[in-house]
Amino acid sequence: MTCRFVALGLHQTDMAWSIHTFANPTRFMRFSAIVLPYVWALAGAGIGIGLYLSFFVAPPDYQQGDSVRIMFVHVPAAWLSQFGYGIMVASSIMALIFRHPLADVAAKSAAPIGAVFTFLALVAGGLWGKPMWGTYWVWDARTTSTLVLLFIYLGYMALWVTIEDPNRAARVAAVLALVGAVNLPIIRFSVDWWNTLHQPASVFRLDGPTIHSSLLWPLFVVAIGFTFFFLGVMMVRMRAEILRRRVRTLQMQQAAG
Amino acid sequence: MTTSEALNTLTVTGLACVRGEREVFRDLSFRVGAGEMLTLVGPNGSGKSSLLRQIAGLLDITAGEILVEGSRDDLSVADLALYAGHLDAVKSPLSVIENLGFWAQFYGVPSEKIAAALEIFGLGHLGHLPAGVLSAGQKRRLGLARLALIDRPLWLLDEPTVSLDTASIAALVDLMQGHLQQGGAIVAATHVDLGLDGVRPLDMGHHGRGEHG
Amino acid sequence: MSAFWALVQRDVRLATRVGGGGGMAVFFFLIVLSIVPFGIGPDLNLLTRIAPGMLWVALLLSALLTLDRLFQADQEDGTLDLLVMAPQPLELTVLAKAISHWLTTGLPLVVAAPLLGLMLNLPLDGMLPLMGAMLVGSPALSLLGAVGAALAVGVRRGGLLISLLVLPFYVPVLIFGVSASRAALVAVPGDLGGQSLLLLGAVSLASLVVGPVGGAAALRVAVK
């Protein structure tokens, strides 16, 4: 299976570049138009059912009361902040090695969504933290690592915006995404180190294995809903990006003709 | 603010230009009146661009005098002259119309004139495109369209035909001819014989350091 | 006046269409401030105490960041020649450019400031004085910055030069700005908090004259 895929990739790069770039996105446009309604339906169902479960079925926490329900947004958002970066890394590898014409579009499209979910995780964490710690923001290891992840997302997006030529931007951005992937564990380690060094006041752990199973189910359903929502928005963004590039090509043709 | 002010004369007397340590030219004197055109010829470095920038007020005068006299006393170079240099002053992110629209607003020209100015250089159908997708020649035409848009009697043109095709050069020549007939004046540095009537050449090479020193 | 607003409108439009504008400055603002606790530790009381000062220092640096393109972009494509030659007084042209710089950089930074204040454990009571002071003081950053940007037109590595030229002029803004922002947090003898806000306003008003006049003088030299 892998071999066939690699062979296909090589074969395609041998073909005329213009046909290659045109054919694949066209297929994606057709495919995504068919798939999108289902993705939205799954996202809607997941988020709807999950939120119903988390608001009306899940019991309030014996310590935290109703504010524990913020977790049902916070944890899935934190999951998607990682998921988004994973997609960027996978797409960047595809873009760099196989020169797949959709890969850089996928990476570019995933970044802002990942950034928004990272931001959402931070905001939800802060709102949760207020009744817990008495302050919206605490420089604990997990929060701080998430903040650094947000910066890497923003830097990646800034790179795309700054470089005009999409081909060059794609290449450079892919390198950044991969360097980021290598560096993220190091950053996390150093932040943990920094944090233990300063021994902060007792911090309530936001997640982990202590969650009761009656809370786990709604969490799982919301996370699935959020993930499909992520994929749906990503497809829409990819379609928009493909169309944007086509418009640009048409404009250049019009200017030339 | 300014409605087709007229130029009486452009008088240059004993003009000199020093750039860095090098004397580019000196003892330059000429006069251009309404309906006249002066073509600056000479080798590279003879100071054609410098002279145009001096007239435009964009370069210091080392010695001598430049007098731009309009039909009224209170008119300055800014009210009388329009400069088109090597660079097109075109912003890539803005559309063709937005580019020209800015200059129209900036010079207080009614926006109805934009379409006509674009049409002169065959850019009418490209108005909505971002200027970034234009070719070098098209950008140049967009820059030159300012001449048609903004009504100024004295045109200062620095190699206006660079990267233009034959059709565009013809359009430019038409525009210049019309300008001269309406009592405008032109000082242009160009290597191309534009075939305009009543053009006087000024050989900048004769005023360079090589001839005198 | 239509020429003036045409220029403001064009610059805002360019800044929002091209990358590297205000968004980047806000990002820089955010990242610089987030780096601070790594250096001094996450002690919330300490962060509260230094928050106004850090926010202002970061504001100055972020405002500097986008100054290097203020005139340089126009110089590179020939627009600057035409702006200098135009009938509109060059002072007004510089003012228009400074205003658009403030709209696309200063204003977004002021809007982002409370969020960062939250991260530095600035009490909610302190947010309004902080934003108020930044709103009053940030125009001075764009106006004085315009002089530096005009001086550095056509210079290689101009961005670095601008920082060196402009930062000394930012000192009064920093002093009065921090003092006005701290008023709600610590007991200030007499009415120094209100006074410093007035003085900050005075600095901005003075910059309203110094910026355009100095910037125009610098540009006239720069194009020649």
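So that you can tell them apart, the chains are marked A, B and C in the order they are listed, and the count of residues begins at 1 in each.
Just so we're on the same page, a contact is a pair of C-beta atoms (placed from the backbone, for glycine too) under 8 Å apart; a residue touches a chain by one contact, two chains touch by 3 or more.
For clarity, every value in this text was computed on a predicted model and none was experimentally measured.
Centroid distances from subunit B, each centroid being the mean of CA atoms, peak for A.
More C-beta pairs touch across one of B-C and A-B than the other; that pair is B-C. Once the centre of each chain is set as its mean CA position, subunit A and subunit C turn out to be 33 Å apart. Rounded to whole angstrom, the centroid-to-centroid distance between subunit B and subunit C, based on C-alpha atoms, equals 37 Å. We define each chain's centre as the mean of its Cα atoms; on that basis subunit A and subunit B are separated by 54 Å. Shared interface positions of subunit B, i.e. residues touching 2 or more other chains, are not present.
Of all the residues in subunit A, the ones that touch subunit B in their complex are 164, 248, 251-252, 254-256. Looking at the complex, you find that subunit B touches subunit C at residues 1-2, 53, 56-60, 76-79, 81, 83, 85-91, 93-94, 98, 102-103, 105-108, 143, 146. Subunit A contributes residues 126, 135-140, 144, 147-148, 151, 154-155, 158, 160-162, 194-195, 197-198, 200 to its touches with subunit C in the complex. Residues of subunit C that touch subunit B in their complex: 2-3, 5-7, 10, 13-14, 17-18, 76-79, 81-82, 84-88, 223-224. The touching residues of subunit B, counted against subunit A in their complex, run 125-126, 129-130, 132-135, 138.
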